[in-house]
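Going in written order, the chains are labelled A, B, C and D, and every chain counts its residues from 1.
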Amino acid sequence: MLGAGSKAGLVPLHVWLPRAHPAAPSHVSALMSGVMTKVAIYAFIRIVFALVGPAAWWWGLVVLVLGGITAVLGVLYALMEDDIKTILAYSTIENIGLIFVGLGLALAFKADGMMLAAALALTAALFHAFNHMLFKSTLFFGAGAIQHATGTRDLAQLGGLIHRMKISAVPMLIAAMAIAALPPLNGFASEWLLLQAILLSPALPQFGLKLAVPAIGALVALAAAFAAACFVRLFGIAYLGKPRSQAAEAAPETDAASRSAMIGLAALCVIAGLLPGLVIDLFAPVSDNLLGVRVPTQSGLPWLTIMPVTASRSSYDPLLIALFVTISACLAFLSLRRFGSRIIRSTPAWGCGYQEFGPQAQTRLSQYTPSGFAQPIRRVFAASVFRAHDLVTIPPPGDAAPARFTSSWTDPAWATLYTPLISALDWTADRMNRLQFLTIRRYLAFVFAALVVLLVWVALWR
Amino acid sequence: MMVNSRTWQAAASDLATGRSIFVALWAEAQDDGCIIHLAGRPQGSGEVRLLSLAAPDRLFPSIAQHHPAASLMERALCDVHGLTAEASPDPRPWLDHSTPYLFKPVTGDGVHQIPVGPVHAGIIEPGHFRFSVNGETIIRLEVRLGYTHKATLGLMRGHMIDHAAQLAGRISGDSTVAYAFAFARAVEQALGIKAPPRATALRGIMAELERLANHFGDIGAICNDGGFPLMNVLTAALRERVLRLAATCFGHRLMMDRIIPGGVTTDLTAAHAKLVLTTLTDLRGQWARLFELYEKTASLQDRVVTSGWLDPMIAQRLGCGGYVGRASGQDFDARRDACYPPYDTLAITVPHLTAGDVDARLRIRMAELEQSVTVIRTLLATMPPGALCTPLPDPANLTTIERNDARVGHALIEGFRGDIFAHVRVHRGRIEDVMLRDPSWFFWPALEAAIEGNIVADFPLCNKSFNPSYSGCDL
Amino acid sequence: MLSPTELFSSATTLSIAHVLAGALVLASFMMLYQNRLSSVINVLALHSAVLGIAVGWQAAIQHAPELYITAGLALGFKAIIIPIALQRIVIRLGIHRQIEAVGGISLTMLAGIGLVALSLVVMLRTAAHADALAREDVALALAVILLGMLMMVTRRNAVSQIVGFMSLENGLILAAAGAQGMPLVVEISVAFSVLIAFIVIGVFLFRIRERFDTVDSAALDAFRGEAQ
Amino acid sequence: MALITPLLLQLVQMALVLAIAPLLAGLVRVLKARLQRRAGPPLLQFYRDLAKLIIKDAIVATGTSWIYRAAPYVIFAASWVSASLVPSFGTNLLFSWSGDLIVIVALLGTARFCQMLAALDLGTAFGGLGASREAMFASLAEPAMLMIVFTVALIAGSSQLSVIATFMHSGAAGLRLSLGLGLVALVIVALAETGRFPVDNPATHLELTMVHEAMVLDYTGRHLALLDLAHALKLTLYMSLIACIFVPFGMAGPGAAPASLALGLLAYLGKLVLGAVLLAIFETAIAKMRVFRVPNFIGAALMLGLLGTLLLFVSATL
């Protein structure tokens, strides 16, 4: 677990990953993210499901909790980073977390003999691993194309690339939407399967699992929502808006080989998203092999729906949904053409009459910066975990000095795990010393804590 | 008093140390260069003193380098008269919009700007706000005005007093009574005449009615910008009743041109006086319920308490008057401290708080509403009979001395925003030099300072709680 | 007049009791969520009103008329008189400023969720043989008590600590009412003890205020020599 | 024949939500105005605005890409399809199996993704402002919604809305605490997702405080019409969702007679009017929150949803 976890990038063993991945050339990083981490997952599956005998249920719980935390923290990192490849590397950590949630769930189900549910969870994990390979490779190719075209990976230097990298922007957009788990693309299909597996958890006999799994479900949903924010930020800032540097303004389109590779991978994302039944059936032999049970065959169902358990429980038909959305959009388009104005005129966006925001402006001061975009999330979510902190100094009236802004955050793994325990010891000693000076509220807190500890003890050991 | 450069600098350092409070800075064009006037008052007093410095080569030692409150006025007068302030910390133009404008510097990673205005979505005056932000965190706010520079003071110079009085009443429409009052008092002082007692009582009533109407409007608008529109529609109804009362009693909703140098133009009949009393009693009952609503709406309290905190130190340094200063611990009210009729016979208590947030500025307004009602009631109860206006001396019938001597007068009048300063020099019935200073000159820099630690979304709320006048600074 | 037990099936009467107990937990959460004194007090009124209804319902389904008195006491004292008095105190003290929750609202609520889960698990484990709904009601009552303690621990302001204490007591009464009624004398004494505690605390508050010009209990700490 | 009726009902449903969405939004506006003692706009003003916007030429900012022009169509289509998948007057919708509640929520997520991209495409401060705030709110609203889905799905044994509605209608769920918690949480999420008080002010003119409006600030003509309609559809969707899960009374079941369908329709409209009244009262009585207080508010929904799910496990062991 420790070995596979550190290889795959589970928190808190993740620290190497975001440093190594961006350092490699793009196609190698694509390979690293897409394949190498999967090797670890493969090893984990092999060891835990096949080699080690029957697993205890709490193994599943441990994997679940680690996976859930990894997913959320990974994507939070990604949201705060400015370097495209580092963002992608952190997002890999998130996806590994999601895959481990699926694996943990499968372990737990298996330990309790719920083989069908275990097969569903395992399939979801494998499906997600497959999807991740597709869209993450596309994204790394795209990142490579950006780096090649502009010479930078810093989001703060990019912008407006969609106008110059017209073709490669499209697979990039598809991959971004897929990794953000949006229907009808493949990322959503695997996440939907995972959630369906989570919905089966009440049947688990252990109370701890029953209570933990929905909480993990909340973490999965949180990670998915963060991922959407993260990739809106990545795509929206790199490709949309106006260029933030000369290099971005003059970026050439990437070469045909990269383009076609990206398009091919993105097309696979779309196909896997629209026809998830086929992919699920592809993984059926694996669960058959490992668990002796397989998820019901999906490809024969009418309208290519997927229906993991029973029809009355849930079903999802991405093809039909996509068709509906397309038809509705076309209907809207056609009826507006028929009944409304067809003219589109174009004028510069209002820049308050200032040259620096006008059509001829060189600087793009009014556009959101990547760190500005992430600031609300950083302030709300990262303030405690990452000790994210913004410091503003405004000189008093009449002082001509510039106003200053600094923003900082730290990786809690470094701060809490890798810094020596000595400081903790110091702190404890210090605290012991202060026990005698407790306040009323702290006395209360101690009584309260003692009560809670007692209750926990009753809950777990009685 | 004409001074030399050394005394000038000494006066500036007096301002910097807080021994005296800055009131106004303006310039007057002469045949040979300019004369710069500096008005100040001792700390805690309403007695304004003037210093004048000749600037023959269009150069003068900057006041702003010692005292930041003077910065905007210094920049404005440099633009109007083509002067240069030596060693000025901020030599950028203020009214002159012909050149590109450099906003104050900001350093740090990931900083971007949000430009707002001068065209706004609401019906407000033009002003440009430049926010340097990182996401929601405001790193710096800078205000740029001067979009409606009307050269009002220039239009007044050389004209007859009655014409100038009309212009004075139009400097900031919401304070038309206060401006007319200030101008009239300055002219009366210059000409050495006194308005009849009945006229001063009526002036007081009008000034307080204006205060009532504007405070109602402000309280509603603050709550509206805090996302509580209900309060706005309710106070708008109260404001409307005050305006209609003014229209009925004085013939004009805003009571424009009702105060003239020498007195007032409209009398208040006994029936109308009764109407004022009954309306006020009725309004008072209504707003008591509104304030209860304000205090009990926890979601609204959550918005206003602690938002837009203005440091009392900064309020003091900038010489902020009115509700802005009084909410940040400044105990100054021209009605009490400059002691002009009709307030000289009344006991004015000045409410002041130290919290300095939006809530405090709103509570000051509420306290002032109560006080305005008391003042109006007292004035109505003790209304003296008599003439409405003392005629101004006819320029044709002046003595030789009077004909050759220009006469100077100034006044400090408490408008609804704060103390309005008026200065005139009259010569043969014409205005030679004039300055009318709005309290907003100090609110704008205070707003820029108060935004520290606030987020972008709270700016409209903070701004509304200051409610500075654009027009008053675009003279 | 028909009693509820005649009107509804026993499952429905019990599930209504259950929902009322749950509503009390919800009210406790609402209390944790508030960060303004006057709204905390309003939620206390709501909390006590829900308690009154819950106890009243218990009285009806258990045919225990003495419980009506408890319900009446809860409604009269804790839902009306004490909140009004506390509001007056707050207004007289002039503390309309924000009360800081130690460690953020969301974190506190998350801890609250954990406490609810804990009390459920504990009750399921310890009272496995008891009647299911009674067991759950006790579990919910325990949750209310724990949340009340949490409220006291996470708040600095003395008034909100009092409110937390009152909600804690509400939880106790709920537990007692659920357990097939307790003697009336106990109830009355509980109610009176609350009242007395309230009066004492009221006086106490003004004393603190007089001496330290604040009701932030951190100021007391400073006085005790622990300068923070 | 067995297929024709559900198909017809599905088509009626699609037309219905599209037709009444502006009416509902207009009704809320009128009610709010009345509560504030204003006359307010006419009830049908929203339709007039749409008609006016549609015949006007569209103006787009220079330098925007095809995403800016395509986004309104995608957003509108996704909102319309999701709204059509929520059972309103009858549970027997033909395509209800093509997506469960999770899919509906995710489809709205797709619409939001496009909205945020379009806002960033403008390259102005307000687009970024709206998008970054939306991202912050959504990152809590989506998990909260999912916890509500969990609660409801675990009670009904399905995440399929038509199954849930049938189950709830049958009364088998009974009075459950978890459902109560879920309702409170869903109301909070609905307020946040539809940009109502206290999260966003749909009627504000203050650019700096906007969320949704900031993202559509530069849209004009038919594009704006689509976005406004999509926004109104979202409001209808959430009201229908609350009605469908928590007050399914009067809904026509599968194979219902025309009379009961008509009754179902009446009941549905009645529920919407009631919802509009409650929303208007709530919005009048409360002030908008500080931006950084909103995460607490939506976070409370997340906690309640989680609590609802946890309590459910306890109840399930009865």
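As a working rule, a residue touches a chain if its C-beta (ideal position, glycine included) is under 8 Å from a C-beta of that chain, and two chains touch if they have at least 3 such contacts.
Model, not experiment: these values are computed from the prediction.
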Enumerate, in label order, the chains that touch chain B and chain C alike.
A, D
Farthest chain relative to chain B (centres taken as mean CA coordinates):
A
Can you pull out the chain pair that has more C-beta pairs in contact than any other?
A-D
List the centre-to-centre spacing of chain A and chain B in whole Å, with centres computed as mean CA coordinates.
55
Note: chain C sits from chain A at a C-alpha centroid distance in Å of 41
Centre to centre, by mean C-alpha position, how many angstrom separate chain B and chain D?
48
Centroid distance [mean C-alpha coordinates] between chain D and chain C, Å
35
For chain D, jot down the residues that touch at least 2 other chains.
125, 128-129, 132-133, 291-292, 295, 306, 310
In chain B, what residues contact two or more other chains?
112-116, 135-136, 302
Residues of chain C touching 2+ other chains?
117, 124
Among line, ring, star, complete and other, the chain contact graph is complete
Help me check something: in the complex, which residues belonging to chain D touch chain C?
174-177, 180-181, 184, 295-296, 299-300, 303-304, 306-307, 310-311, 314-315, 317-318
Can you list the residues on chain C that touch chain A in the complex?
104, 107, 115, 117-119, 121-122, 124-126, 146, 149-150, 152-153, 156, 161, 217-218, 220-221, 224-226
Can you tell me which positions in chain B touch chain D when the two form their complex?
112-116, 121-122, 135-136, 223, 225-230, 233-234, 237, 297, 299-300, 302-303, 307, 455-460
If we count contacts the way the header does, which residues on chain A are in touch with chain B in the complex?
82, 156, 350-355, 357, 365-376, 378-379, 390, 392, 394, 396-407
Complex contact set, residues of chain B against chain A
64, 67-69, 71, 89-90, 100-101, 104-119, 128, 132-140, 314, 317-318, 445-446, 448-449, 452-453
